Structure formats: structure tokens, C-alpha cells
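Here chain A shows up in two complexes: once beside chain B, once beside chain C.
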Partner chain A sequence: MKNINLKFIGIACLFLITSIKSYSQISKAEIIATGLTCSMCSNAINKQLKATVGVDSVSTDLNTNTFTVYFKKESKIMPRVLKEGVEKAGFFIGSLVITVPTENLKIEGDKTISLNGSTFVLLNEELKNSNGETKLKVYDKGYVTQKEHKKLLKTFSKTASYPLDNEDDYHIKTVI
Partner chain B sequence: MRKFLIAFSFFLIQGISAQELFVVTDPASNVPAGSLGIRLGQSIFKEQMKSGYSYHLMPEVTWGINKNLMVRTSMFVSNRSNQLVTEGASFYTKYRFLSTDDLHSHFRMAAFGRYSFNNADIHQEQIEIMGHNTGFETGIVATQLIKKVAISASVSFEKAFDNKPDYRFPTTQSDNATNYTVSLGRLMYPKKYTNFKQTNINTMLEFVGQTLNENGKSYLDIVPSIQFIVNSQARIDVAYRQELYSSMLRSAPNGFYLNLEYNFFNVSK
Partner chain C sequence: MRKIMLLFSLIISISTATAQMKIGDSLPDFQLKNNKEATINLTSFKGKTVLIDFWASWCAPCRLANKKLAPLYNQYKNDNFEIVGISLDTDKTKWMNAIQKDKLAYEQLIDAKGFDAKSALLFGVEALPNSYLFDASGKLVAINPTEQEIIMKIKK
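Then we have the complex of A and B:
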């Protein structure tokens, strides 16, 4: 009996470890920054993002202030780190779309997904896979413009966790 | 002069994109957190009460403590005693307390304070703690970006003390003043960005005024400038300052500025 228990625990542990290992990472993030017009300002964001632990590379479209961030393997960066980076440079995120391998997105009850200790709450229906990757847009405060956030507070008034602004909870919709 | 001003203002307002890295004023936005900026400011102004030129050298170091707070220290060197002498230094801090940013606009406000000391002789009624007087200045600045045109305005209170150890502030002069500035900026080049190495060219127009609180004497200056941003990291400003109006005694109101600046990003976390 004890043996079986131990085996069971062992298998459970192994399962846990492997599942932690396959804990998904965000493979790409597309950030549109707001309130800047100069390439020196963009460069401040660019350098800040590049200096972030776990970031592999950043490509920038200076005309739209879009920063595409690629991550190192096993990086566990969550959107909060990117938000802090942009704000350190003196600006704000106007839009954030993250790309996550679809296999890592397992919906638990109540339309939530756990990822590296953060909770992602789905605001629209189902996940739509596209080429094994899913694009998710973050709708929380600090990831959309202030004006947009004010409107969204009304739009998502039925989602109890939305107005709480818990920094490790992200409210997302899939993007096609 | 008036025609030139109208033309210049129009030129700025119909612009496609704007800048707020002004030459003689500071916008409400701060430098990036953890960045270090080094600037060598130089100015050469024509003396009004004697022959010759007044040359000032102003090395500055700026550091972004966090996203809302920055500090700056400046040193004042001048040729007033016919050779280059360090006359004083200044400490400046600015705190951004309001930011409402949208995709194509932002409005920001900040409070700032500066303390300077200087040991030079006091030779004018104008109060200028950037290189002339010992004293402090405190105020607020608001910067708005509307349809890609940046407009910044500030109001501040400035008070002068004795220039220790040798020069007392003249009791016949007002030792405090109200300052006000309005700045406009526009990006001229490039029309479309291709990379970080592209040199940006900005033009700016700034108005700087002061009223002495005890006697109401005032001045108003205009400062047009051109700015080059090289490699998205270095900055060269060339500006000309011209007095538009003055009812106070000023020793050298008109002249040129040449600033060289280099920014190191992410010096500290």
C-alpha cells in the first residue's frame, strides 16, 4: 500500500516537474507605445526592453512606435515586466498583443488560463488556434490607453475581476 | 520681426510631428529611468554695457531616478573675470505628477525646483540662477501634444540671495521674480523614419519672460532654435536668444547657445 502511495506520489511529482518544464512562455510580444514622437524616445524604450532579463531581441517600427519583442527560450516574462519597461522609459503601452503556443493554453473552469503563476481571463468566447500559435490582446489598465480603459470598465462590468487591477491577472481576447 | 514670428509660428503649428526636447526650457516629461545624460552647454552673449562678449560654459549631468523623478546638476563657468572661472553650481529636480497619454496625444504636468549658488558679481536686475545669482526657483510645467504638435508652458517663482562671499544682493533691486515660458516644437526631418541611426532635425520656438515681483519690471525674449538628434542618442542644439521687450537692466540679453548632449540608457536598473 505504502509502495503504491510512494509510486503515485513519485509519478505525480514527475508529472508536475515535466508540466512545469513545459510551462509555456510567451514567444513574442507586440507593443504599441503611446505619447512619443522622437526616435530618441523610441530608443529609450528599445534599450529598456533589450536590457530586460529574458528578452532575446527587439525590432522597432519607428513610424508606428511598435516594438516586437522576442524572448529567450525558457523565459518566463509576463506582460507586467514589459509594461514596467515602457513606463521606466517615460511612456505607456497603448496596445499589447502576445503570442503563445496554443498547446500551452489550457482553459480551466471559468474561462481562465494559468501561465507561469499569472492568471489569464478570457473575455471572449473560445480560443482560436492559428498555426499552433494564439495571439492574445491584453485589455487591462496600463495595456490600453487611459481613454480606452475607461470605456472598457463599462464594457467588462460583468467580469468581476476586471476592475480589480490585480497586476498578475490579465484580461485577454484572442486576436485573429 | 513680427512677420517672421507669424511665419515661424504657422510653420510650427501646421507641422506633422513634434518635439519637446526644448533648448532653454524643460518639458514636463522626464528623462528615462536609469539613464544618464551628459551635456556641455555653451553660450556667447553680446555685452550691452561694455564691449565684448560674455561666454558661459555649463557642464550638466542628468539622471533619471525612476519614471517620475529626475535630478540634474550643473556647473557654471564664465569669462566674466577675463579668464574662465568656475563661479557656481546648481541642483535641479523634477517630479512628473500627471500623465494622460493617448495614441496621438499626451498631457503631462510636473513640479520642479532648483537651487544654485554663484560667487560672481551681481551686475543686472534680471534674476538668473542659471549662472548669475545664488538662489532658488520652484514651479510647475505642463506639456501637451495635440495632433503631433508639442506645446509646453511653465510658471515659476525665483528668489535671489547674496552671491557669497563677496557680493550682497543689492537692496534697491527686487530679489524675487515670476518667470513664465511657452515653447513650441516640431520635427522637420525625417518625414518617415527608417532606423535609429537617422539624424532627426527639430525646430523650436520658445518665449521666456520674467517679472520682478517688487517693482513690476519685466522682459520677454524669443529663442528660435534648431536641433539635431544623432543616432537617437546624441543631441546638438543651436539657438539664438533675442530680447523682444525689457524694462529692466540686463547686461547681455542677446546671443547664441550651443549645446552638446549625450545620453547613456540603462546605466542603472
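Then we have the complex of A and C:
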């Protein structure tokens, strides 16, 4: 009986380890929200993000007005879900920086990276060949302020996919 | 049997977690520390018109509201009126500095856990600033009252 239990635990552990390894995911997201009222004065964003499937925890930094969202290991959350959450709470994203394990970022031709069915288009130089984690800022409509987006349409006019606003395409730059 | 007990405690914990003040509710029996390290129970203000004001030093609209609350208190403090500020600040130093800067002379309590603070959950605070006006009998008469509404209640 004990033997069976041990075996079962062993198999479960093995399964867990392999399943974690096989998923590529975003580990963390830092969100600055904007809106008509003070975003930190409302519990709505916090509640909405916490209730999102795949979110492990949410912390707030009152000095930088930033919500930091940590994801569960197996989470496949993409920025779109966070944007929808913030907007559901009655606010907008002013800035979004995601942290991705560098090993998950494999550049294909044309400066694009595929991650969980979404496409990430690099707007600046190559990715740094750093180990560990890479921080990426999203520049698409709905992830920067409206004013900023207007300017960026000109800045990134050479990137054909940028003005298309395809919701599963993200235009990113690495942040140091 | 144990399962039933568990289920019951779960239901009770859920119902208390979502508890929220309604008009007509009584001043809750709730204790917090003030800025002089004394423990204050909210029920001790029964017999006065009392405004419970939730705020935080980092909340800009709250600081703006403080500018109106400070003179309102000074004007009516001798008319059986009291204001009790409950701060959701997590940083006590910032809280103390804000009290000084905004020249708040009324009772200042702190529940240093942000929106997860027990008092915030008890009252159902979802956004700051958030205030609750109780009449002299200790019944809740208004949520987020205007200055006029407060003055009317004091003079009643």
C-alpha cells in the first residue's frame, strides 16, 4: 500500500515538473492604470486582477502607482486579458511591462517571437543575450495612453503590423 | 458532522467578509489605535453626530477632502459633532506627516492594511475617500454625505 502511494507521488511529481517545463509563460506584469479618478484609490482594479484565472497574486506600489501581477506557473495569460480586466474595472492601461523568462523568447525571422499563440514583434534592437528574465514593454493601442499612441503611430510607421491593432499581436521593446 | 461544521463556518466567513454598512445600521463595536497609541472603540462616539472618514495619505482626492473636513470640524466641534478619520495607510510615518500637513485636529485611527483592512471590509469600502455619517443615536444616516448634509444633521 505504502509502495503504491510512493509511486503515485513520484509520478505526480514527475508530471508536475514536466508540465511546468513544457509551458512557456509570462511570470510577472507591471501595470500603471489611468482614468478619470485616482486608480489606487479604488479597489476595483485590484479585485478584478485577483479574480482573473491564472493570476497568483497582485501587489500595489503606492509610490509608483503600479500594480504588479504575479502569475501561476502554468498560466498562459497574455496582455490582452490584463487589459480587459483593467478596462472592466473602469480604468485604462497607461503602461504595461511584462517579465518573461529569457529562455521562452526565441526570435524567428523578421524580429518576431511566438508565445502561447500570440506574436510579439520587436520594435528595437535584438534581444539582449541575457540569462534569466527579460522585461518587455508593450506599445500597442490600449497599452499606452491615447496621446502616446498617436505619437507612436508616426514613430513606428515603418512597422507594417503596428497600425493594424491586431489584438493577438504585441509590439514590444526590451526594458533595461 | 465535521463537514457540516466546516460548511457552516465557511458560510459564516463568506457572509462576514462581504458585510457592508447599510443605512440604519448601528455604529459598529470596533477598535483601532489612534495617532497617540490609544485604543479607541467606535461605539464610544455614540451620542454625537459622527462622521467616519476613510482615507489614506497617498490618496489625492482624500487629501483634497481633508482641506474641507478640517475647517468643518473646527467650526462644529462644540455642537456635539465628531469626525473620526480611519486611514488605510500601510506606512505610519506617511500617515502621521499627512495629519500634520493637513492640520487635522479630529480623531485619527489607522488600520494599516489598505483595502484588506478589517474596518474597510466591515464598512464595505471599495474606493477612497469614503465616509459614513451616524446620527446621535448611533444609526447610519448617510454614505458619502455632502458638506450641506453633514451640517443639516448637526443642526437637527
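Rule of thumb we're sticking to: the second predicted complex is superposed on the first by the 141 of 176 C-alpha atoms of A that agree within 3 Å, B and C clash if a C-alpha of one lies under 4 Å from a C-alpha of the other, contacts with A are read in each partner's own complex, and residues count from 1 in each chain.
One rule holds for everything that comes next: contacts are C-beta pairs under 8 Å (C-beta built on N, C-alpha and C of every residue); 3 or more make two chains touch, one makes a residue touch a chain.
These numbers were taken from a predicted model, which means no experiment stands behind them.
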item: Partner chain(s) touched by A:Thr134 [first = chain B, second = chain C, both, neither]; value: neither
item: If touched residues of chain A are counted for chain B and for chain C, the larger one; value: B
item: First (chain B), second (chain C), both or neither touched by A:Lys147; value: first
item: Chain B versus chain C as contact partner of A:Thr99, first or second or both or neither; value: neither
item: Partner chain in contact with A:Ala44 - chain B first, chain C second, else both or neither; value: both
item: Which of chain B and chain C A:Leu62 touches, first, second, both or neither; value: both
item: Partner chain(s) touched by A:Ser75 [first = chain B, second = chain C, both, neither]; value: neither
item: Residues of chain A that lie at the interface with chain B and also at the interface with chain C; value: 37-38, 40, 42-44, 46, 60, 62-63
item: Residues of chain A defined as touching chain C within the complex; value: 37-38, 40-44, 46, 60, 62-63
item: Residues of chain A defined as touching chain B within the complex; value: 32, 34-35, 37-40, 42-44, 46-48, 51, 60, 62-63, 87-92, 94, 145-147
item: Residue ranges of chain C in contact with chain A within the complex; value: 56, 58-62, 90, 114-115, 125-129
item: Chain B to chain A touching residues, read off their complex; value: 17-19, 21, 29-35, 64, 66-67, 99-103, 105-106, 145, 148, 150, 187, 192-196, 198, 200, 202, 229, 232-233, 235, 263, 265-266
